[in-house]
Amino acid sequence: MNTLIAITGLGVLCLLFEILNFRKAIVPITIIGLLAILGLTVSEFNLPESYYNNMIVVSKFSTVFSSLFIVLTILLVALAHDFYEDHPTKISDFIAIKVFMLAGAVAMVSFGNLAMFFLGIEILSISLYVLAASNRMNLKSNEAGMKYFLMGSFASGIILFGICLIYGAMGSFDIAEISDWSRSAELPIWFPIGISLVTIGMLFKIAAVPFHFWAPDVYEGSPALTTATMSTLVKVVAMATLYKLLSAMNIDTNEYISTAFINIIVVLSIASMTVGNIMALKQTNVKRMLAFSGISHAGFMLMALLSISTSAGSLLYYASAYSLSGIAAFAVILYVCKNKDNENIENFNGLGKNNPLMAAVLTAALLSMAGIPIFAGFFAKMVLFNQTIEAGHLVVVIAAVINSIISVGYYFKLILAMYSKEPNEAVAKTPFVFYAVAVVSILLNIVLGLFPSAVLDLLG
Amino acid sequence: MDTSLVLVLLLAPFLGFLFNVFLGKKAGKSVVGIVGTLSVVVSFAITLYLFGNAGKEPVVVNLFDWITIERFNVKFGFLLDQLSILWLLFVTGIGSLIHLYSISYMHDDEKIHSFFAYLNLFIFFMITLVMGSNLLMMFIGWEGVGLCSYLLIGFWYKNQDFNDAAKKAFIMNRIGDLGFLIGIFIVGSLFNTLDFTSLKTIITTIDDINDLWIALAALALFIGACGKSAQIPLYTWLPDAMAGPTPVSALIHAATMVTAGIFMLTRLNFLFDMAPSVQNIIAIVGAVTALVAATIALVQNDIKKVLAYSTVSQLGLMFLALGFGAYEVAVFHVITHAFFKACLFLGSGSVIHGLHGEQDMRKMGGLKKTMPITFITMLIASLAIAGIFPLAGFWSKDEILMTAFHHNIVLWVIGSIASIMTAFYMFRLIYLTFFNSFRGTEEQKHHLHESPSLITVPLIILAIFSFFGGIISLPGHSWLNEYLAPLFSKVSHEEHTLGTTEYALMAIATIGAIIGIGIAYKKYLKDNTIPSEDAEITGLSKVLYNKYYVDEAYDAIFVKPVNVLSSFFRDAVETTLSALVFGLGKVTNEIALQGKKVHNGSVGLYLFAFVLGVCAILTYLFL
Amino acid sequence: MDVTHILIILLVGALATYFSGDKWAPKVALLFGLAAFAGSICLLSQYNLANEINYVTLWIAKPKIYFALHADGLALAMLLLTTALTPIIIFSSFGNTYKNSKAFYALILFMTFAMAGTFLASDGILYYIFWELSLIPIYFIALIWGNGDAEERKKAVVKFFIYTLAGSLFMLVAFIYLYQKTGSFLIRELSQTDLSATEQFWIFLAFFLAYAIKIPLIPFHTWQAEVYQKAPTVGTMLLSGIMLKMGLYSVIRWQLPIAPMAAKEFMYVFIGLGIAGVIYGSIVALRQKDLKKLLAYSSLAHVGLIAAGAYTLTLDGLRGAVLQMIAHGFVVVGLFFVAEIIFRRYETRAIAEMGGIRAQSPKFTSMFMILVLASVALPSTFNFIGEFTVLYSLSQVNIWYAILGGTTIILGAYYMLKMFQHVMLGETNARIFADVTFNEGLTLVIIIAVLFFFGLYPKPIIDLITPSLENILTQVNRFN
Amino acid sequence: MNNILNQIGIENYIFLSVILFCIGVFGVLYRRNAIIVFMSIEIMLNAVNLLFVAFSTYHQDAQGQVFVFFSMAVAAAEVAVGLAILVSIFRNMDTIDVGNLKNLKG
Amino acid sequence: MIRIPDFANATPIQIIFCVLAVITLFTAFMTIYSRKPMHSAIYLLICFTSITGHYLLLNSQFLAMVNLIVYIGAIMILIVFTIMLMNLNKENEVYKPRITRLGAIVTFCLMCLVLIAMFINSKPIVGEYTTTGEDYQSIKVLGKVLLNEYMVPFEFASVLLLVAMIGAVLLSKKEKTTK
């Protein structure tokens, strides 16, 4: 709860700074503030409590995921300063929106009431619509914003419908009550339908097949930093929320749909992985490629839902590994494509010579995503595989394995470009923050890889 | 004492090898020759000492465990018994002579140090082969001499034909070696040891013998022997091996290495005695080889080729004897053959040396005046090989034929024909080379001279041995048989009492030889026929001249198909396999390309997919 | 001397090399390579006292993954092979200059680190991690410092990477499945499990895919020749000298003890594949135009034989396989180095452009000849010991295997001698061929010395590996 | 107080909102004019709101109606942002035809 | 089971419901079907009003008023302004290709079918609807619920609106390029 209040306060503070003309200080102060909030959040780790009539429930799950979101936001905000240096008057708005978005994200993982959940997801979505379209003179950005908005509000409608049906069945929005009642046998069919619709809405947010179509277009069109946000923070938030929702609704014990539901997850998981990976193979735009890669990772993360009662830790781990490597990758992409009008792979030619450190970071990030040890991505996959096999879904794991193989194909396309092509231009100066963010996030990733227990065991 | 003696015996040539390899170039040509020769002479001396002081009991020297197999160990050890000492005697003895000969023969070659290095290495490996205490030790030497043979055949490596010949020799040998190895495997698994002495004990005492496997082992080992001793079907390398310097032909391809097969069979006589069926095969192969090689030798014009085929033929005779279990007879012929064949080769070397490399007999003639010593020694050797009484060859060959006569008349006939042919082609060689007038160029004629004494001395020594060599095993009173007796598990065949049959056989053999010589005399001396040019050869002689087209047949049956297969694998299979793997990638890429069309940027389509997805999920879940 | 120290030395070495700058990198790398070798020797002496060296500490609690290193004789032998070859390989590259050499040598040491880890690891996941880790450096070595057309090279290298990764991922699945069954990744436990025949079959197959690609066995070998050709020689040496052995070692260490029933039931198939590799590899090698490709195919033939030996499930087969692994490691490094020496002088790997070198460089010729002979397993070289033992074990299973596998000594001689003839012999080449330099000569002499020493006296290695192999065999036979 | 649902039945409300919702969906699919698409989405949201109120009556519970407030707030926010995006697209492209948004694809 | 309305004995409330429902659906459909955006807007207006009627029918007067104010007063005005500002009231919309439209109709039918069938398929709600008799939807009660129990979401909604506001400003604000 304190986290949420503090974050909102920080967002308002950002807006105030603009008025007070503290423009230069916004990014540092926000980062410091977020660090403080991170401390606050972590301190709540062992103090599960619910606030305000169960509106906000602070649990281990919520604090841990909130911390992850805060870390990601810190990194994203750090990147913002240089990214928006051409938009000095708007930087406060951007930062504020990001901070509010974080508030929405935190609300989404710590909601105790579907109202909070809905508002959280809407704050997140609306912020993203704005951020996607924020480069308003750019047609692509406009188009991305529009597409995202149209499809996003459509999905919101579906989520809302789902919530409505759940309410119809339960007469309450309180998660704890719903959770209790969901175990009883005499439930109107509205309840499972409602869950399904909410799930579908969330699947849209995490860009699972067949609700993934928006992702590549929006990722490609949005400003790169927004893409970074979407592909890391937002995806992870949506996934965590979906996990929390489904586990709260006792989806695994619902006698009406559990088996069928699991089947659906299996199919969607496999489909997402496959479509994502195969489509990524022939992309020339790096952001678009990462969008498809993100779709496939969504498929991987869906595997966590197959053993929902035990997989919180592994989901957290996967999410951290994926998002950290994503941020590292995007830091490099931002650096490389800073003054270019597109993000095509050719821009990465010869990076290995021009800037070996950045190239190494990007390589490590991609290797982590591909699931090569010793990076965290490997353990993430391994733990998920372990749990999924334990749950008896060997098919999914085999599909996942085949997909991991395919994925190497496009991750290595980028690596190949960096190391085996001649650079087409002279070395550009790298802003310090890009280095810092890239290195910090990849180091975090590697540390996670070396000490997976540190994160895996947080959620039992 | 024994151990160190054995080691000195073994390592002396090896030290010579090392010296020649590392210091040879600096040391100068004469030093190289002397060191090379001395190292072998040292071995010879030790062998003589051992020969003189050897008791009845074999000496075994085990150095250390070499290869460990689950059920037995193979020791790195040496065995000195009558057989190995006997073999060592003529290996190091003839080896010394040929080294001596080479000093002069190879004097003009700039790589004389490597030549001596290889020769020394060869002796080293030959000693290993002979002294090895088990099959694998023998195999070291076995492959080692093959290697040296390869190196020496291809000594003039700038000529790729020579290199081809060397390669061919090595590979043909290796085919045999595979057989040898298989034999070793079977023996090992049957008896859990590869050690000769233990094998002998086990085999002679064992009761329930698995006949089939013993026969297979014997057969496999015999294939090994075929490779090394140039028997059908693996004999084609030996004539080609004449590409090497002549001393090499004398040492390796006539006197020593090619007899390794006979050595091995004799060494394992107890095993072969258990496999009569294989013995039959050996006898038949030997006889056929003797005949086929002799027929080919009839029409060859290259002086060394004639000798080479003669060697194959003689080896065939030895195998004929082995096939009948008459090991000591075969050994006897090995020894006499070593003398006269070495003498013949060295003589031919002397001729070639005199003619500056000319080997075609059609371009020789009338050399007996300019090269009298060469002529006389070669004549003696030829008489010996032709089996004229009382030269060494007469006794040994006669014994073989006598054994054959007692076992199988057909094979005796074949053997006899082969030996008549031997007489013919040897004297064809003598007449064409030494009689009549010189047919070479004026240039050559001008330079004709007798070879220096370093060449003639070994010739003379060998001629003497060719003459008197027979005394070691005279019918009725055979020193050799007695000497070798401890080796053989059973008295394989009783001493031939010299009855009428025996005398009649001797007479037939001698008459046959004289007939052969007579025909040659008629044709080449009296009629002064000169073999026609290659292109003009027709009919049967053409087939013979082209060695029954066996090389061509092998080429067509084995070499070409393998090469074609290789090209096929390389160009078709490899690319297909590769394409298959890449194909998976291509297919995925193609799917991706099609998928790109689906993601066509239309919000409408995206929403369609969305809604259809919703419908599908809800339908599946609730309907 | 703790078993971890070797890994630490190598890892620190990699870092130190990277930070020592381009000029000093080769020397620093060599130093650390030698240090690791010395460390392995220390370990060996320790092993002789204690008979077992273990290092176990819990790494990840759930799922239970240990940082478990275990050095028995077999692992030690492979470790020694790795740490002995690495300095040789590094030293052999002193004649070349690589751009950005600090990264190059750092990657070599890192790869050695990963490979050493693979040989030592006794926890499935740890093993898998090292296994995968070793792929990355070789990928970059081949990609960045490789030769030939960049596009072709990229294709080959990526194919290699994806292909090998593809195989090993199934191995990971198999490990996880095993973990579900046994609750442990430790080989100690895994090799005691009682799986049903079907389970064993699938697990065996999953492992097999990984190993068959890595080793490689036909028909999974298509990456090999191209990568060998395209990689820089150092990379090729690492690949063929050590990395292939990872696959073979893993067969013995992991695959057979975990799924012995399947191994027994389908023994014939796998031996058959190995022997098919022998014949196929030899025949393909015959008509290769590129020296490195030819050596690659010869390698295919040799490892086929080794694999066949390992799959016989007899002590002799396993022992022969291990001996041959070590022998082949040395000889193949030597042969690739020979190719490199020629390349340094003639700038070509096409056999057709060579020939007539012998007259110009007698020392080089002799050493090359010896390597060729070792490669064709001439008795008294180390390779003979291995090949003989393997063939013997094959003959115990079925004499036909020995005969078919034995064709290697014929075909091997054929293609090697043919190659030697066309590369070295013939009319003296018009281009000047300088004889080997001291460094080159020293490298080759060391290799040759090793080959001869163990060829005549293999007892130390045999004694070292036999107890471990017997141990593995008891595990393999636990179902009988 | 009489529960009005006794006369109408919750099912009918459900069907009404479902059909209304589907009409909204149909509109989104059918039209290319962005404004109309917005309106369709509004119809969808309203359909849900209606259902919320119906359920609220069904449960005799105020929470459903409270939720409608939030839903309205969300709708308002969405429309605001959506129209802002629409305006900027119109400025750049001079059209609000959703079908023309095809720069991003593949 | 769907209850077929008994038109003969229909209570006034039922009639009102039916009429309202028909109006709602028709105007909603016309909103989509009209070619001119302005017509659509007007139809939408009527649709919303009819929904307000539903609210009244369900006796939630406060919500009815809010609906009227927010949707008709705010959202619709916004939309109409946009249409007029941008002069979009033209019939120049290119229809989607016939196949798409057909697809849309099919999808529409399919979705209706699926959803309705789903609800029909389920267990019917049996028995009387409970009536607690308590007041649950007067302004007083709603205000209490909203500001006591739902205080946090209420405040959080302000964040939402704030974000929307910033966003709208951000998207339309002219940029000062000078730093």
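Residue numbering begins at 1 within each chain, and the chains themselves are lettered A, B, C, D and E in the order written.
Please note the rule applied: contacts are C-beta pairs under 8 Å (C-beta built on N, C-alpha and C of every residue); 3 or more make two chains touch, one makes a residue touch a chain.
Here the structure is a predicted model, which is why all the values come from computation and not from measurement.
Engineer: From chain A, count the fewest steps through touching chains until chain E is reached.
Structural biologist: Shortest path length, in steps: 1.
Engineer: Considering only chains that satisfy the touch condition with chain C, which of them also satisfy it with chain E?
Structural biologist: Both-contact set = A, B.
Engineer: Can you tell me which chain lies farthest from chain D, using the average of the Cα atoms as each chain's centre?
Structural biologist: Farthest from chain D by mean C-alpha position: B.
Engineer: Taking each chain's centre as the average of its Cα atoms, which is closest to the average over all protein Cα atoms shown?
Structural biologist: C
Engineer: What's the farthest chain from chain E if centres are computed as the mean of the Cα atoms?
Structural biologist: With centres defined by C-alpha atoms, farthest from chain E sits B.
Engineer: Report which of B-C and A-B is connected by more C-beta pairs in contact.
Structural biologist: B-C
Engineer: Using the average of all C-alpha atoms in each chain as its centre, how far is it in Å between chain A and chain D?
Structural biologist: So the centroids are 27 Å from each other.
Engineer: Could you state the distance in Å from the CA-based centre of chain C to that of chain D?
Structural biologist: Each chain's C-alpha centroid was found; their separation is 66 Å.
Engineer: Take the average of all CA coordinates in chain A, do the same for chain C, and state the distance between these two points in whole angstrom.
Structural biologist: 42
Engineer: How many angstrom between the C-alpha centroids of chain D and chain B?
Structural biologist: Computed from C-alpha means, the inter-chain centre distance equals 98 Å.
Engineer: Residues of chain A that touch two or more other chains: which are they?
Structural biologist: Within chain A, residues 115, 119, 122, 126, 129-130, 133, 136, 145-147, 150, 154, 189, 193, 216-217, 409 contact more than one other chain.
Engineer: Of all the residues in chain C, which ones touch at least 2 other chains?
Structural biologist: In chain C, residues 162 touch at least two other chains, as defined above.
Engineer: Which residue numbers or ranges of chain B touch two or more of the other chains?
Structural biologist: If we look for residues of chain B contacting two or more partner chains, we find 585, 596, 599, 601, 603-604, 607-608, 611-612, 614, 618, 622.
Engineer: Which of the chains are touching one another, listed as pairs?
Structural biologist: Pairs of chains that touch one another: A-B, A-C, A-D, A-E, B-C, B-D, B-E, D-E.
Engineer: Can you check the complex and tell me which residues of chain A touch chain C?
Structural biologist: 313, 352, 356, 367, 372-374, 378-379, 382-383, 385-386, 389-390, 394, 397-398, 401, 404-405, 408-409, 412, 416, 419-421, 452-453, 456-457
Engineer: For chain A, which residues count as touching chain E in their complex?
Structural biologist: 8, 11, 15, 51-53, 55-56, 86-90, 93-94, 96-97, 100-101, 103-104, 107, 113, 115-116, 119-120, 122-123, 126-127, 129-130, 133-134, 136, 145, 188-190, 193
Engineer: In the complex of these two chains, what residues of chain E are touching chain D?
Structural biologist: Interface residues on the chain E side: 2-3, 11, 13-14, 17, 21, 24-25, 28-29, 31-32, 37, 40-41, 44, 47-48, 51, 54-55, 57-60, 62-63, 66-67, 70-71, 74-75, 78-79, 82-83, 86, 88, 93-96, 101, 103-105, 107-108, 111-112, 115-116, 119, 124-125, 128-134, 136-137, 141-142, 145-146, 149-150, 153, 157, 160-161, 163-165, 167-168, 171-172.
Engineer: Applying the document's contact rule, which stretches of chain B touch chain E when the two form their complex?
Structural biologist: It is residues 604, 608, 611-612, 614-615, 618-619, 622-623 of chain B that touch chain E.
Engineer: Can you name the residues of chain B that touch chain D in the complex?
Structural biologist: 596, 599-604, 607-608, 611
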